[in-house]
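Each in C-alpha cells, the structures are laid out below.
What follows is chain A paired twice: with chain B in the first complex and chain C in the second.
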Partner chain A sequence: MSTSYTITLDINRYDPDTKLSWVQTYRVEASAILRFVDVLRKINDEQDPTLAWSSSCEHAQCGSCGVIVNGKPLLACELLVKDGVGQFKTHTFKLKPLTIAPVLRDLVVDLEKAYDRVHKVRPWLIKPASPHPDGDEYRISPKTLETYSEATRCINCFCCAAACISTHHHFLGPNASMANMVRLMDPREMARGERMDILYREDGVYRCHTAKACSFVCPKDIDVSHFLALGKEGRF
Partner chain B sequence: MEKALKITKVEASIISLMGRLPILSYYATSRGWSFLISWGHRLAGLTLVGYIFAHIYTLSLLFTPATFDADMKFLRTPVFTFLEWALAIPLIFHSLNGGRLVLYELFHVREDEIVIRWMVALGLMYVLVVGSFFIEESAQPSVAPFWSVTVAISLIALLLVFIKIWRTGNSILWKLQRITGAFMIPALLGHMLFMHMNYLTGHDSKTILLRIQNPYIKGMDLVFIILLLFHAGYGIFSIITDYISQGPVLKSLTFLVIAIMSISAYFGIRLIVAL
Partner chain C sequence: MGAALTVDSTLRCDVLIIGAGGAGLRAAAQIGERRPGTRIIALTKVSSPQKSHTTTAQGGMAAVDPKDPMDRPIFHTFDTWKGSDCSADQNVIKKVCDIGWEEVVWLERHGMHFSRTEEGRIAKRPFGGHMLDFGERMAFRACYEADRTGKGIMDTVWAESLKYGVDFIGQCVATELLFRDGQCIGAIIFRYPEGKFLAILAKATIIATGGNTRMYLVSSNCRGNTGDALVLALQAGLPVMDLEAVQFHPTGMVGPGILASEALRGEGAILRNKDEEPFMERYAPTAKDLAPRDLISRAIIQEIREGRGLFHQDHNAHHVWLDLRHLPKEVHEKKIQEVCSFFKRFVGVDPEKDLCPVAPTAHYQMGGIPTNEFGEVQSDSQGIVPGLFACGEVAAASLHGLNRLGTNSLLELITMGRVTGERVVEYLKDATDPEEPPGSRLIVFDQFSTYLNAQGKEKYAQVRDSLRNLMMEKVGIFRTEKSLVEAIEVLTELREMATHIPLGTTSLKANQDLWQIWELNNLITVSMVIAQGALARKESRGAHFREDYPERSDGFNYHTLVYMPQFNEVTFGKRPIDMSIFEAKGEHYELFDYIVREY
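Moving on, here comes the complex of A and B:
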C-alpha cells in the first residue's frame, strides 16, 4: 500500500466573466504516487468542479498541462505528489498559471497566444533541400543529427519561457529561439539567410542572459541554454 | 553538453546551507543556482554603478586638494574602510561572472560548474588579497610594470572577444557590452588592487594628482570612464527592457539612462582632462 499525504493546494483562480482573481485553498488526501493532474482531477470530482486546468496526453508529450508549482514551471502530469513533497520540502503547494500568455480561466492560459512566438520563427523547413537522388529520403549523418537531436525533443510546453529571466517583453523566448536553431542545424534547411535574420532579430537570441533557468526547468531535460549560446557564439 | 560535476563535501555543505536561506532556497529550487547567479550579477552591477557616481564625485574634490584630503581623513573610519574593502566583493563577482558568461556564450566552455568553482576560489583569493592590502597598507607598486601587464592582458581579452564576436549578427550594442566587459575585467580588478596597495596611492591628493597628470594614466582613465559608463548604461537598459514592454515608460527610462550616463561621462571626462 502506498503512503498518502495530506497536501494543501493554494490555487490561483480567475473568473473571466467577473474578471475577479483570488487564491483558493484545497486540502487533499493524496496517494504518494498520484500525479498533480490526478490531484487536480480529484479536486474536480470531490470538492470543486469549477476549477479549470488543462491537460491532454498526460504523458509529458503535448505540453498542455504546464503550471507553476511553488515558483517552478513544470508539467503537472509529470510531478508525483511524493516527488513534489521531496523536491519542495513542503506539503503546501502554490499553483499558478504559466506567465507566458493571458489567463483564460484559473490555471488555463491562452496557448494560441503563446504559440504566436513559436510561429514567428517558422518552425518548419522553409525551403527544404532536394531529396537524395537514389530515393525519397534526405540522408543526415548520425554525427550531424547528434548535434541537434536533443533540441528536437522540445514539446513547446513553455516552461522554459515562464522561467526565463529575460521574461518575454522583448525576447521570443527560449523554446521559440531554439526551434529556429534546430532548423539552422538541420542540413535539409536551405533558407539559411532567413533563419539567420530570425536568429538575430531584435527580440532574438542575444536577448538571452544565460541564466540557464530554461535548462533547469525543462521537463524534457534539454540543455536549452546550450543551443541559445550556439546562436550568440555565431556558430552558423 | 554539460557534464555533472562531482562536488566535494565542503561544497555540498555550503550549497546545503545556502539552500536553507529563504529567498535563495525558493529560487534555487524553482529556477536553479545559475538563475540566482544572474540576479547576483545584476545586483553587483547596480552596486558598482552607484559606486561609479560616488567615485566621480569624490574625485571632483581633487580640484581643492585640502577638501579632498579632509574628506578622505573623515572616511578613514572602520565602517568606511570596511565598506571600501567590501566593494571588492561585487567587483570580483561581477567581473568573474562576466568572464564566465563570455566563456559560455562565445567560447563554447560548457563545463560551467567547474568555471563557477574557479570563480568562487579566485573571488575569495582576490577579496583576501585586497583585504591584506588594507591591513598592511605598505605595499609599493611598481607603476609602469603593473599597468603595462594589466593593460596588455586587458587588450588581449578585448581583442579575443572582438575577433570572436564582431562578425556575428548579434546587436552591435550587445557586442560592445561584451567587448567592453572583456577589457574591464583585468583592468578594473587591477585598478582596485593598485589603488589599495598602500593608503597614499588611493587617498592622498598629492599622490593621485601626480599620477593622474601622467598622459598615459590620463588616457587610461579616459578610456576607463567611457567604457565603464557605456557598459553600465547598456546593462541597466538591458534589465529595464526585460520588465517593461514597449511604450512611453520604456522610452522615458531609456532616455533617462542615456542622459544620466552622458552627464556622468561629461563630468568624468572634464575632471580627468582638467586635473
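Moving on, here comes the complex of A and C:
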C-alpha cells in the first residue's frame, strides 16, 4: 500500500441561495498519490456531497480546475497530495476560488465570464495571408514556429490572471494578451495594425507591471512574461 | 422540495448544436462560412467550448497528402476497412479518406499551429494500423501539432465559430430533445449556474456530444463524457448503433488511465513485459507496437494473465512497461512534451530515464447515434429524422465499425463536421421556424423530481464505483455470456439504487450532486445497451471480444441497432454494412471483401 497523509483542507464556501460565505474545515486521510481533484471527490463521497468544485479532463489539458491553494493559483488536478505536502511544507491547505470571475458556488467560478477577455483579442486569423501558390498549406519553418509555439500551449486556466497584480484593475490579463501575441508572431496573420491596436489599447500590454507572477504560476510552464515583454518591445 | 420545475424561457435560433467540441464547431464554422448570418447556438457542459474533450487529443489526424509520392487515399481507405475488422461503412470511409487532406489544409489556413518539416510543410508521423501498399509498410500519415493535436484543432474551430458570432451557452446540459410531428425542433437545456431550464427551438439540431466511457473504472475520458445524448436519443424512441464496440487504448498511465498517446510508439517507444521483452513481436510480427489498439490491449491483458505483467503498489493495479528511454532528447522535449510532463507529474517517472507503467484504458466509443453519410440521424436502418443531425464521436456513420484506428477520429470530426454543416445549410433552404412544441410533460421534470425527492440510504459514490468496477470486469476487453448476463442483472439493480440516492442539497443552483446523479443515470442506461449489444453479438470482431466466441462470424456482418425507450426494454435491429467499394468492382475491390485481418 502507498503512504498516506492526514491533511486538513480549509475551504472557502459560498451558497448562492443564501449568499452566505464561510470557511469549512475538512480532515482527510489521503493517499500520497491522489490528486487534489481526487481529494475533493473523496470529501464529496465521504463527508459532504454539497461541496462544489470544477474539473473536466483532470490531466492539465483543459484548465477547468484552477483554484488558489495556500495563496497560489494552480490546477487541482495537477497537484498530488505528496507534492502539496512537499511544496508547501504543511499538511494544512487553504483552498479558495480563483479571483478572476464571480463565484457560483464554493470553488466554482464563472469562467464563462472570464473568457470574455480572451474573446476580446479575437484569437482567430483576422486577415489570413494569401494561400501558397501550390494551393496547399503555408510554409512555416520550424525555427519561426519555435519562437511562439510555447505560447500556443496556453489552456486558458486563468491561473496567471489570478496571480497577476494588474489583471484585477485595468489589464486584459496575461493569457489574453499572450493570445494576441501568438497571432502577431504568426506569419499568416496580415492584420498587423488591428493586432497592434489590441496590444497597445488602454487595457493592453503596457498595463503589465512585469512582476512575472504569470510565468511563476503557469501550470504549463509557459514563460508568459517573455511574450508580454516581446509585446512591449514591439519584437514580433 | 421547493417550487415546481418549469421552463424559464424560450430561445429561438436556426441551428442548435448540442456539443461545442471539435465536430460541433467544425460544423458551425462550415455553416458560418457558407451561410453568413445563420443564428447558431452551441452548447457545452464545460465553461468554454475550448475546454471540450477534443482539446486533450494528442497524437495526430490522419490524411493522405496528395504530394506524398508513396501514399494514396486507397491505402488509407483499406487500412480503415481492415482496422474496423470489416464492419465500417465503405461509402463513409471513402468519403472521409478522400477529403481528409482538404480538411488539414482548411485547419492550417484557419490558423492551426501544425508541427513542421525542415521545408516548412506539415510534419507527419506513423500511427497504428496506417500502412502503405495495403499493409506492407508503415505510412507517415498522421499530421500533428506536437502531442497536442486536439488542442490545435479545438482552438481553431472555436476561434472560427467566435468569428462567425456563434452564441455559446456553457455550463449546461441538453436534457431532452423536442419534436413536433416527428421532426426535431430543438431541445430543453438545464443551466448549471442558475439552475434553470430553457427551451431552445431550432430549425435544425446537431448532436455532437463526443464520447461516453466514464462508466469504466479506468478511462481516458473527461468527467462529462457520460453518454447523455445517447440517452436523449433512446428516450425519443430512436436507435443507437454498435455501442458494444468500446475501444480500450493500450497505454493508459497506470492509475486513473490518463492517455499516453500512440504517438509515443509512432516515435519509436516499445512495450515491454516484466522481463523487458518487447512482447508485441509475438502477437503482431509485422506491425508490432503499431498494430491496432484492440490487438495490443488484448496482448497486454494476456501478458498480465500469464504472469508477465507487473503490479503497481500505489495504484493497486497491474501493468506493463512502455519504454521511451532510447528516444532522442529532441523527441522528448519537442514532439512528446505534454505526455512526458504527464508521466512526470502524475506517475512520478521520467520517461527519459525510467520505464513507464501503462495498462489499457477505456477510450473511445466506435458506435453511437446512427447517421447516413451526410450526418442525418436515422430512425431505423433506412429512414431519417427530419431536422436532426449528428457528427463526431457520438455519431456512427460509420467510419470505424467495431474498431477505430488512431488519428481517424480527429479526421472524422473535421470531415464529417464539415459534411454535416454542409447538409444543414441545404436543409435550412426550405426550413421554417418551428412552432411551439406540444405541451406534454417533460421527461426531465420527472427525472429531476425523482432525484430531488429521493430519501433512500444509497450513496452516490457506492453506485458509481459499483458501476465502474462492474463494467471494467464484466463488459471490458474480454467478455463472456456469463459475465454479460451477470452485468445486466447488476445494472438493473444499480439503476434502481440510483433513483434513491438522497441529495446533499435540493437547491437547483450550481448543484453538483444533482447534475452528477443525472449523469450517473445516463451512464447506467448506456452501460445496459453496451452489455445487451455485447451479449447479442456472439462473435469477436474489432474491439468486441467474446472469449466464448473468439472468431469473427459472417452471420454478424451487420451493425447492431438497439432501441430502449424504457430502461431494459430492448428491441434489436440490424443495419447492413455498406460494401459499395467492393460492389463497384473497381481497382483492388477484392481487398474490400470480408478479408482476414492479420498484422
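Odds and ends about this structure:
Just so it is clear, the second predicted complex is superposed on the first by the 233 of 236 C-alpha atoms of A that agree within 3 Å, B and C clash if a C-alpha of one lies under 4 Å from a C-alpha of the other, contacts with A are read in each partner's own complex, and residues count from 1 in each chain.
Here, a contact is a pair of C-beta atoms (placed from the backbone, for glycine too) under 8 Å apart; a residue touches a chain by one contact, two chains touch by 3 or more.
Treat the numbers as computed from the prediction; the structure is a model and nothing was measured.
Model built by superposing both complexes on chain A: chain B and chain C fit together without a clash. Using the contact criterion defined above for the overlaid structures, shared-chain residue A:202 touches chain B, although it does not reach chain C.
Of the two partner chains, chain B is the only one touched by A:165; chain C is not.
Once chain A of one complex is fitted onto chain A of the other, the partner contacts of A:133 are absent, as it touches neither chain B nor chain C. Of the two partner chains placed by the overlay, only chain C lies in contact with A:125; chain B stays clear of it. Contacts of A:88 after superposition: chain B is touched, whereas chain C is not reached. Once the two structures are superposed, chain B and chain C can be ranked by residues of chain A touched, with C on top.
After overlaying the two complexes on the shared chain, residue contacts for A:186 are found with chain C alone; chain B is out of touch. In this overlay, which is a superposition and not a single complex, chain B and chain C have their closest Cα atoms 15 Å apart. Overlaid on A, the two complexes show chain B and chain C touching no common residue of chain A. Per the touch definition, chain B reaches chain A in the complex via residues 1-2, 26-27, 29-32, 34-35, 37-39, 101, 104-108, 110, 112, 164-165, 167-171, 174, 238, 241-246.
Note for the complex: chain A touches chain B at residues 70-72, 87-88, 150, 163, 165-167, 169-171, 196, 199-200, 202, 205-207, 209-213, 215-217, 223, 225-226, 229, 232-234. Contact residues of chain A toward chain C in the complex are 1-2, 15-17, 31-33, 35, 44-46, 48-64, 78, 80, 104-105, 108, 110-112, 115, 119, 122-125, 128, 131, 134, 136-142, 145, 149, 152-153, 155-156, 183, 186, 188-189, 221.
On chain C, the positions that touch chain A within their shared complex are 45-48, 50-51, 53, 55-56, 65, 67, 104-105, 108-111, 113-122, 145-146, 148, 151-152, 155, 158-160, 162-163, 168, 170-171, 192-193, 222-224, 255-256, 258-259, 313-316, 338, 341-342, 345-346, 348, 459-461, 503-505, 507, 509-513.
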